[in-house]
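After this come two complexes, each holding chain A, first together with chain B and then together with chain C.
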Partner chain A sequence: MTPPVRLENLHKRYGRIQALGGVSLSAREGEVLGLLGHNGAGKTTLMKLVLGLTRPDSGRVEVLGRDPCGGDARGLRRRIGYLPESVGFYGELTGREVLRYFARLKGIGRGASEPLLERLGLAPAADRPVKGYSNGMRQRLGLAQALLGEPALLLLDEPTAGLDPDATRDVYSMLDELRRRGATVILSSHVLAGIERHIDQAAIIGSGRLLASGNLEELGRRAGLGVTIRAGGDWADERRLAVLAERGALVRRRSATEVELRVPGAIKLEILRVLLAFDGIRDVAVEPPSLEMLYDHYGPSTRPAEAPCATS
Partner chain B sequence: MRNILIVAGKEFHDGLRNRWVLAITVVFALLAVGLAYFGSAASGFVGVTSLATTLVSLASLAVFLIPLIALLLAYDTVVGERERGTLDLLLSYPLSRSQLLTGKLLGHGLILAVSTAVGFGSAGVLVTLVAREGADMQLLLSFAYFILSATLLGLAFVAIAHLISVTVDEKSRAAGAALVAWFLFVLVFDLLLLGGLVATGGAVGKTVFPYLLLLNPTDVFRLANLGGFEPVRTYAGLASIVVEGTFTPARLLLVLGLWVAVPFGLALWRFRGREL
Partner chain C sequence: MMVFTLAAHELRRLFLSPLAWAVLAVVQFILAWMFLAQIELFMQWQPLLQQLDSPRGLTDIVAVPLLGNAAIVLLLVVPLLTMRLISDERRGQTLSLLLSAPLTMTEIVLGKYLGLLAFLGIMLALIAAMPLSLLLGGGLDFGLLAAGLLGLALLLASFAALGLFMSALTPQPTVAAVGTFGALLLLWILDWAGGLAESGESAALRGLSLLRHYESLLTGAVDSRDLAYFALFILAFLVLSIRRLDSDRLQN
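== the complex of A and B ==
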């Protein structure tokens, strides 16, 4: 089956700045693909290419089986939802008016906006001018417009940027709902904390290049980062820690009753067996490598202090 | 066409909501009534004068005011969307760049047309009803022509503002460029022309001079309104010299139309070729 988004060897320059240098990537149907990278890494440029807002210097873009810059781009755009980074909307218009404007542009009835206002918790504020909205409310309005017409593909550029924890949680729960519905989602983020449970694939981008891509388990295995084991119980006996360290685990005592072990994948089961043989172990949790760990491993070794390119 | 109308409708709605329509209408109405009342003060008379006098005074003032209002209304139309983050969003919809810009031109044109018609029109009606000298059909036609040409003048400057808005990257620069455009067309151009005329000792001659005036939409508007109709021409003086026979009111409207079409065409070309 053709993936909804297929990018082949994309190159794109803005003047002297190389925004993308040979990126190939695809997103499979019904999955959430996270584009991860620092500001200016090329994430937004990638989204613009998928949307057909700009053309690649070379390479090929195929979205839902079509060229987004091709003749039938308008039909294609009806099936895509997009949330740009920090969109301000029209301050004088109300949330309902903004949503109806975009609904009309998408060629769908004005009735389509009402359920979305409800679903995103904006109904009570729908008749207030957008200039009075908080960042979180604007972001929810942005999500509402992106969801107009139940698009098959959603592109969300930094959907949690500048949001408080509650609003971030709302965005993630919406993401999970989209995933259940079977929509394909590409989201970009430079904030890694908390996102891993909501994405199926990660693509790590640095300075316009794809540094790694795959599902998190695969990326962890390839990086040889192993797993983190947290064990709660009686850790008064120092000799137990020494036994685990001898077997190859990196041991860190977090408190008198909790120990954290970093364990290479190959000896994971052996360490678990030793651990479970100890008396007084009450709780064991095994965690795959976190996204931060993966990003530290695959990500660019040097990161620019500031974004070099406003458009990427 | 549907998308163009949607964008135009939104722009007009924006104009109503942020009080642009109201503000322009009130300014035009006050100006028109004020000029009608005080227009003859220099001749020692204060009170509602004739429609012809009012029209001459109005046309002289409108050439300053209408370009300024049009530029202020539209200078940020694209660069503002870009700064707000809505330009990429709009263009990710089934909406082409040409449709977006044309819709905006129509929307701004509608704002100016309504404000001009209601603002100047209401004053025109008032003057007609209470003026000492009655207004004949010819004069009323002149007034209608004035409103139409004022709208076209406004549209020409909206198109110039669109060209600025698609060219620059920041709203503040667009505002600066709009002010420069206003100075150039409203003040500098005529001074240069006059300077040229004097410097060459009138060698430019009667034949070239009128055509040079066509290079400035405010001068076209002046020519159209101060020399186009007999009842107004009597009061207008200088401008009527160059009009005799050469530029008919219809031709001048056509030139104003070109002043809308050419800058707008350039804006479209620039916008379509620009990297987002």
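== the complex of A and C ==
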């Protein structure tokens, strides 16, 4: 089956600035793809290319089986929801009016806005002018307009920027719901720990180049970062730590009763066997490499130095 | 259909801003003052006019000067209304949502243009109501009045098209307003420069003048050349606005 988003060898320059240099990427149906990268890495440019807001200098963009800059761009955009990084609204209009306006532009009945106002907790403020909204409320309104018409593809540029922890949690639960519904979501975020449990694939971009992509497990395996093992129990005997270190684990004592081990994938089972043979071990947790660890591995330290930063 | 959604939105936003109400009030007040002054003049001239074989009527002495003055007042005021059309969207960061909506650039430009034209139409109707009120106490030359109102409508549509283009050029509404005012004023001065000599260049400059074509319609002569001039002027600036917005979308 053709993936809803397929990008092949995309190049894009803005004058002398190279925004994208040969990016190939795809997102499958019902999948959340996280775009990770520093400011100016090219994430926003990538989203604009998917939306058809700009054309690539070379390469191919296929979105929901069509060219976003092609003849049926209008039909295609009806099926895409977009939340820009810096979203603004008409301050003199109320939240309800703003949402109804964008619903009409999408060719959707005005009734579609009401459930979204409820769902995003904006119903009590729906009849207040937007100029009186907090940043978080504006962001939620932006998200509501992106969700109008139950789009098949959602592009969310920093969707949790300016949101409080409760609203952030709501956004993530909405992402999970969209994924269950079969929508494809591409989101960019700097809050790596926040999005980690909600994305299926990560694409790490640096200076317009795709540095790595794949699901977290794949990326972890390729990076050779191994796993983190947390073991709780009786760690009074220092000799136990020495045994584990001798076998190749990187040992860190977190407290008198908890130890953290960084273990290469190849010796994971061996270390676990040794660990479980110790008396007094009460709890063992095995964690794959975190998104932050993956980003540190693939991202900034291996960023190509020659490419200038793009305006994204 | 989307064009009308955009136009209705634009008109509503205009009426939600104090600027639009202030413009309506100030323009009406100034023009009403001028209108009453012309009526006063007509009353003074009436005994003299009665002695002439073919005297000039109410329309000539009151309505046509009113429409002439309205053009000057509106040249100053329309840039204040057009300045926010696109530059405000850019500054308020609403343009990215508009560009990503299922709309073409032509629809965006036409929607905004028609929204402003609807507002200017209301203004024109209020201006037309002044000479029409003279029907209560006298007769009017409807042909002359219709030609004058058509001229003012075309002039306003031209001002709006140029203002829309200027608004598409910059994210600063005040820069757009100053640019529009400057360009319109230049078209005025073009007419003066064109009147100094009788060379081919002068004739060309006069041909480019908005006011020259407007004055022609104010005399009651509906010439197809004047209509074509206004149509081309409006079309050119609308096309330029679409091109500008499209290139902006692709470049940024």
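Convention: the second predicted complex is superposed on the first by the 301 of 312 C-alpha atoms of A that agree within 3 Å, B and C clash if a C-alpha of one lies under 4 Å from a C-alpha of the other, contacts with A are read in each partner's own complex, and residues count from 1 in each chain.
Definition applied: a contact is a pair of C-beta atoms (placed from the backbone, for glycine too) under 8 Å apart; a residue touches a chain by one contact, two chains touch by 3 or more.
As the structure is a prediction and not an experimental result, all values here were calculated from the model.
Participant: After the chain A overlay, clash or fit between chain B and chain C?
Facilitator: Superposition check on chain A flags a clash between chain B and chain C.
Participant: Tell me which partner A:Y14 touches in the superposition: chain B (first), chain C (second), both or neither.
Facilitator: Touch partners of A:Y14: chain B and chain C.
Participant: For A:W235 in the superposed arrangement: first (chain B), second (chain C), both or neither?
Facilitator: In the superposed model, A:W235 contacts neither chain B nor chain C.
Participant: With the two structures laid over each other on chain A, which partner does A:L51 touch: chain B (first), chain C (second), both, or neither?
Facilitator: Once the two structures are laid over each other on A, A:L51 reaches both partners.
Participant: Just chain B (first), just chain C (second), both, or neither: which does A:S86 touch?
Facilitator: Touch status of A:S86: both partners.
Participant: May I ask you to decide whether A:Y133 touches chain B, chain C, both, or neither, giving the answer as first, second, both or neither?
Facilitator: neither
Participant: Looking at A:Y295, would you say it contacts chain B, chain C, both, or neither? Reply first, second, both or neither.
Facilitator: In the superposition, A:Y295 contacts neither chain B nor chain C.
Participant: If you lay the two complexes on top of each other, which residues of chain A touch chain B in one and chain C in the other?
Facilitator: Looking at chain A, the two contact sets intersect at 14, 51, 53-54, 74-75, 77-78, 80, 82, 84, 86-90, 92-93, 101-102, 104-107, 145.
Participant: Residue numbers of chain B touching chain A in their complex, please.
Facilitator: Listed in rising order, the residues of chain B that touch chain A are 3, 6-7, 10, 13-14, 17-18, 83-86, 88-96, 275-276.
Participant: Any idea which chain C residues touch chain A in the complex?
Facilitator: It comes out as residues 2, 5-6, 9, 13, 16-17, 92-94, 96-97, 99-104, 249-252.
Participant: Across the complex, what residues on chain A touch chain C?
Facilitator: By the definition above, chain A touches chain C via 14, 51, 53-55, 73-78, 80, 82, 84, 86-93, 101-102, 104-107, 145.
Participant: Could you please specify the touching residues of chain A with respect to chain B in the complex?
Facilitator: Spelled out, the residues of chain A in touch with chain B are 14, 48, 51, 53-54, 74-75, 77-78, 80, 82, 84-90, 92-93, 97, 101-102, 104-107, 145, 155, 311.
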